[in-house]
Amino acid sequence: MASNSFGKFFKITTFGESHGKAIGVIIDGCIPNLPLSKKEIEKELEKRSPGKNFFSSSRKEEDKIEILSGIFKGKTTGAPIAILIENKDKDSASYEKIKDLYRPSHANFTYLQKYGIFDYRGGGRASARETVLRVAAGAIAKKILKKYNIELLAFIHSIGDIEIENKILDLEFKKLFNLTKKSPLFCPDKTSQNKMLSLLKKIKEEKDSIGGSIRLISTPLIPGLGDPIYEKLSSELAKAFLSIPGCIGLEVGRGFMASRSRGSENNDRFELKNNKVITKTNNSGGILAGISTGMPLDIKIAFKPTSTIEKPQETLNFKNEQKILKIDNFRHDICIAIRACPVVEAMAAIVLLNALMSQKTLKI
Amino acid sequence: MASNSFGKFFKITTFGESHGKAIGVIIDGCIPNLPLSKKEIEKELEKRSPGKNFFSSSRKEEDKIEILSGIFKGKTTGAPIAILIENKDKDSASYEKIKDLYRPSHANFTYLQKYGIFDYRGGGRASARETVLRVAAGAIAKKILKKYNIELLAFIHSIGDIEIENKILDLEFKKLFNLTKKSPLFCPDKTSQNKMLSLLKKIKEEKDSIGGSIRLISTPLIPGLGDPIYEKLSSELAKAFLSIPGCIGLEVGRGFMASRSRGSENNDRFELKNNKVITKTNNSGGILAGISTGMPLDIKIAFKPTSTIEKPQETLNFKNEQKILKIDNFRHDICIAIRACPVVEAMAAIVLLNALMSQKTLKI
Amino acid sequence: MASNSFGKFFKITTFGESHGKAIGVIIDGCIPNLPLSKKEIEKELEKRSPGKNFFSSSRKEEDKIEILSGIFKGKTTGAPIAILIENKDKDSASYEKIKDLYRPSHANFTYLQKYGIFDYRGGGRASARETVLRVAAGAIAKKILKKYNIELLAFIHSIGDIEIENKILDLEFKKLFNLTKKSPLFCPDKTSQNKMLSLLKKIKEEKDSIGGSIRLISTPLIPGLGDPIYEKLSSELAKAFLSIPGCIGLEVGRGFMASRSRGSENNDRFELKNNKVITKTNNSGGILAGISTGMPLDIKIAFKPTSTIEKPQETLNFKNEQKILKIDNFRHDICIAIRACPVVEAMAAIVLLNALMSQKTLKI
Amino acid sequence: MASNSFGKFFKITTFGESHGKAIGVIIDGCIPNLPLSKKEIEKELEKRSPGKNFFSSSRKEEDKIEILSGIFKGKTTGAPIAILIENKDKDSASYEKIKDLYRPSHANFTYLQKYGIFDYRGGGRASARETVLRVAAGAIAKKILKKYNIELLAFIHSIGDIEIENKILDLEFKKLFNLTKKSPLFCPDKTSQNKMLSLLKKIKEEKDSIGGSIRLISTPLIPGLGDPIYEKLSSELAKAFLSIPGCIGLEVGRGFMASRSRGSENNDRFELKNNKVITKTNNSGGILAGISTGMPLDIKIAFKPTSTIEKPQETLNFKNEQKILKIDNFRHDICIAIRACPVVEAMAAIVLLNALMSQKTLKI
């Protein structure tokens, strides 16, 4: 079943395996007459580019893109925009040795169950490499959203047991944005960041990996975005985030905390501010009944620890014999949540742009 | 934008407002030749029928259904099945008084922002009454899934701060199923249930409401269900659950707990059991890389406290004047998580059936 | 596979069999705040109501509708509009005798092949009775289109070998509209109409049926409607018309005539008229490269003769034995093209409204 | 609005402009484990390759493809297959001179109306060059269909007033297939072909173009393909064909001829042949009530004359001034119907494969 597309209006379709010739994304439904250059997209891609830090894969993904279509004289034409990225710095050899082993909590078992065949080189289609393409498409979505004063920011909320200080969230969007930008971990809270760096170092030494969580916020949204009943803004965001490799949970607003609260403390009270109806608190995370309230988005997203670890693991091979899985030439992130930050931003941008395009339609 | 449908193969489309003439669901894509009676569906509806307990709405929803189409001589024909439920025991009068007030954390503000008009009687289209229809359609989905040995169970995991004992999860599916069935709260753990009942009584006396969480489990799934990249089983379940009124979070497998863990402790080790490859633990909740592993589903879903409380609340009216919202003739659940249990089951069934229909297609 | 819906923005989903309890349509995606009454819709339904003329079925379809949802205080709310029509004046008894015979060029053979079960009463789901629902939904679509100055007219172009005079097409839209409205055959050309009536009488006497064709025209469209490459306006119209029972062909503009022509004679020359760019001729039927030119639509649609005839026919029964099919209590149209006129209009309206809603979206 | 995809199960998404860097297609939903090579696809592409005959464009489209993804060790993996074709032998210079003129019956006027921008080089996105990609994807669809004994053949039925002899259709599929293959015009009837070649020569001398029609037939289909009500096999085929540049009409079975006939002569009588229920005639073209009967498909498709002609044409420029359009370095087909034959086959294959994948799903 075709399932490699996302979005109805601004629709992305991706292709490509981690160690194939190239990966690519088709963006179908982009508004025409938008000035667009390669550079703008590449700048966004740099954010998730690995190889710069000890805690991320040493694979060098320079990620120079090529735009094959949809642009004429520097502007979008309304035709599909195809973006291609060649796969370089591949090292498929190390996968040959482990190609007949079920890898714990990895994709190869389920892909084999589903398809009866698996491109094991670098994780094939299941590799997080695919998310580069989401960031590329997201760069365009973000550019359009900005014209509607919608900006997004995803930052590290926790790694292992280390959580950022809650007061950091009291900062205004722009400040948080800048603090996040400066951090190699996308963590706006310097004290916590340093603790996280120590933890990551330790985890690396122990040849292990660690989970983490991301917080996504936005500038105040346009109210009225999201389509009840089955295409609520929250539903679409949940679907989008859970499609990111390693994502295993999310909380809109106070989430599970709200599930432990009373209505009288959790309800967001309406108030007037600068002649605009706002809510005093934003426990709802910017969404009520699946529709944006006009307050900022506020969502937390959980990522599991990288399933591939350097430490040897007991497992089975395809003949169901007990074996030891040992990864040579280890080139994996030890905390996938970090590089997932720009991906979360990109997916949120694509969801929001679609909601905006759905809303800004026919009126009489 | 049309957004009242869910599912591609077994597709439901619902209509109707809480206090309109009737509500209904069209099930399009049901397999033909399935024996089906009104009674089977009504039996499932009884589960979420309110009016029986002090903690749920006193509205009497007998929910006698009428099947208008799609059945011939007691069997499905492959044509759409239309199910109609008349709205009885309506009391719209009490809504007249509050119709010009923004209701905190309720749908009326955002619906007005989106549509410029809101059927305020009983919450209109945004009412949880719509979920009856999901349960009706889910009854059919469950019947088909059962033929593939897939059964589902949603039970109360927590209300407020009271959580069920973890050991209860060690019980086998059938036992949990029976314990849950007997409980007015869908809570399989009697000790916790009684504490929850006391809490609910207290909350009711205080004219407040309370949040809760649900755990969804299944019998072992067929491996290979779910379509990467953007229609992962986890993505579709997330979308489905977040579309349920009041749902504000979910965790697949260990969820946020996994985000605090190391790979070496979180990874599920493959083992052989009765000549079948299983995982020793099920931290992944039955899904890897978006595809079912063959282990049971295990998902937690958070629900916020009911936004409508009996306690008076400060708010604004549509003219932005400060007012007090006071609900007369209060007929709301004080903990929506409880009655959401059968809805969670129904949505999970619809997602799984669609995944099954997607998987069981052309092979050469 | 779910396949009973049409349209993305203004989406209809229909259900119901010819002799079931009721038939109905859900309209999902209608713009909010549109004043709408039952009467407006019933007025449109009268157009295709049978039982008034010797050449149409004697079944009395009064077609009183009930609107179950989506309207509040006389206006649409943006929620799905459910319209229900009870099935009256059913006579299923006559179908019992022929229920085990394959009916030549009828749906029962293919439905049985596909589903293994067929509701034979009145043709079940395959009956043209379903088209009443399209006309009901189309009435709403037409009302919205009218606000954009788009009006549609479908009239009989030919019955058997009798074609209307081409010069009739030189009349302006409003005149054609009024002439068509007055004719029991939806034929604006009185001379041809009378010949057609004689032919129909003869066909009826001979217990046979006859084919016919419809011409669909419109007022000048808004240019820019239709989405290349695969959702061209012409593609969507073709899909829509071919979904009408009995439709077996269409021509956009000059159609097959164009396939016999040269470019120099077929090309539509651009001209200026009242400071607006128009084309001198409209051989393209209002569509170029799948997008509306701003000229009126002009499409011809072919309908086969009713497959059910009073004349006895040789056939096979389900045991593959040779039998004679003889219809008792014959209640069928002898020329389905006639009553298909309002259905063609309705489907065209739904396609155009969707194209309009697709076009009138985000701009920067 | 995203509109560059076709198909639900086996879904194609195309991108690229006539004179851009490259064009490409993503095939999403291809079954896994299908052996597939570049050569198989290129062989199919040769069929529509221009530059070989005086009557087709002199542009050399060698159309060497590159497969970027979805294949592992010579087999499909279930992941999207991306096929890329570089654009060579471009000559954009000749388009500079006419870039500000509305071209009669061409795409540039409507694209400008819709998007406000048009990549005029070689017709940009509206160019028939996009159809190469359909043929590439169709090659895969055909390979799968062949395993179900479904083969397709599209051949020239008429050019201008010259029609093939009807008796040619009495030949069996394989013979027609071979005769068509040998003809530079895809015309199985040698006598007619020669007349057509003379006509084409004359048209070329007169610097004009000419329309034509195509007949599509198949081997006997599996009965039961096609989904009522709105996704009938005939509806989907109509949508598919009308999406081909220049297509302006179609007839399923006898089409407009049926609209002039009586039921008694048009109905297809059921008979037993080799213990299989067939119809004596195939006036229905293999489809009844939108579902395949098991007889061969038989559809006629009309193509208008190429809008671009060498002959000078009066027109307007973008400032609405009267101008003469004169094409330099003319490189267009004078009869687009000819090269549309493999495109019709490809689109039919994609529609049928989707119908097959829809039908071969869950059964109990």
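The letters A, B, C and D name the chains in turn, as written, and every chain counts its residues from 1.
By our rule, a contact is a pair of C-beta atoms (placed from the backbone, for glycine too) under 8 Å apart; a residue touches a chain by one contact, two chains touch by 3 or more.
Values in this document were obtained by computation on a predicted structure and should not be read as measured data.
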item	value
Pair from A-C, A-D or C-D with over half of its contact pairs in common with B-D	A-C
Between B-C and A-B, the pair joined by more C-beta contacts	A-B
CA centroid of chain A to CA centroid of chain B, Å	27
Approximate Å spacing (C-alpha centroids) for the pair chain A, chain C	47
Chain centre separation in whole Å, for chain C relative to chain B (CA means)	40
Set of chain C residues in contact with two or more other chains	1, 3-5, 8-9, 14, 33, 114, 125, 361
Of all residues in chain C, those that touch chain A in their complex	8-9, 31, 33-34, 144, 147, 356-357, 360-364
Contacting residues of chain B [partner chain C, same complex]	1-5, 7-11, 13-17, 20-24, 26, 28-29, 32-33, 66, 68-70, 72, 75-82, 84, 114-119, 124-125
Residues on chain B engaged by chain A in the complex (per definition of touch)	1, 3-6, 14, 102, 104-107, 109-111, 113-114, 125-126, 130, 158, 160-161, 203, 208-213, 223-232, 234-243, 245, 247-256, 258-264, 266-272, 275, 277, 279, 283-285, 287-294, 302-309, 311, 313-316, 320, 337, 358-359, 361
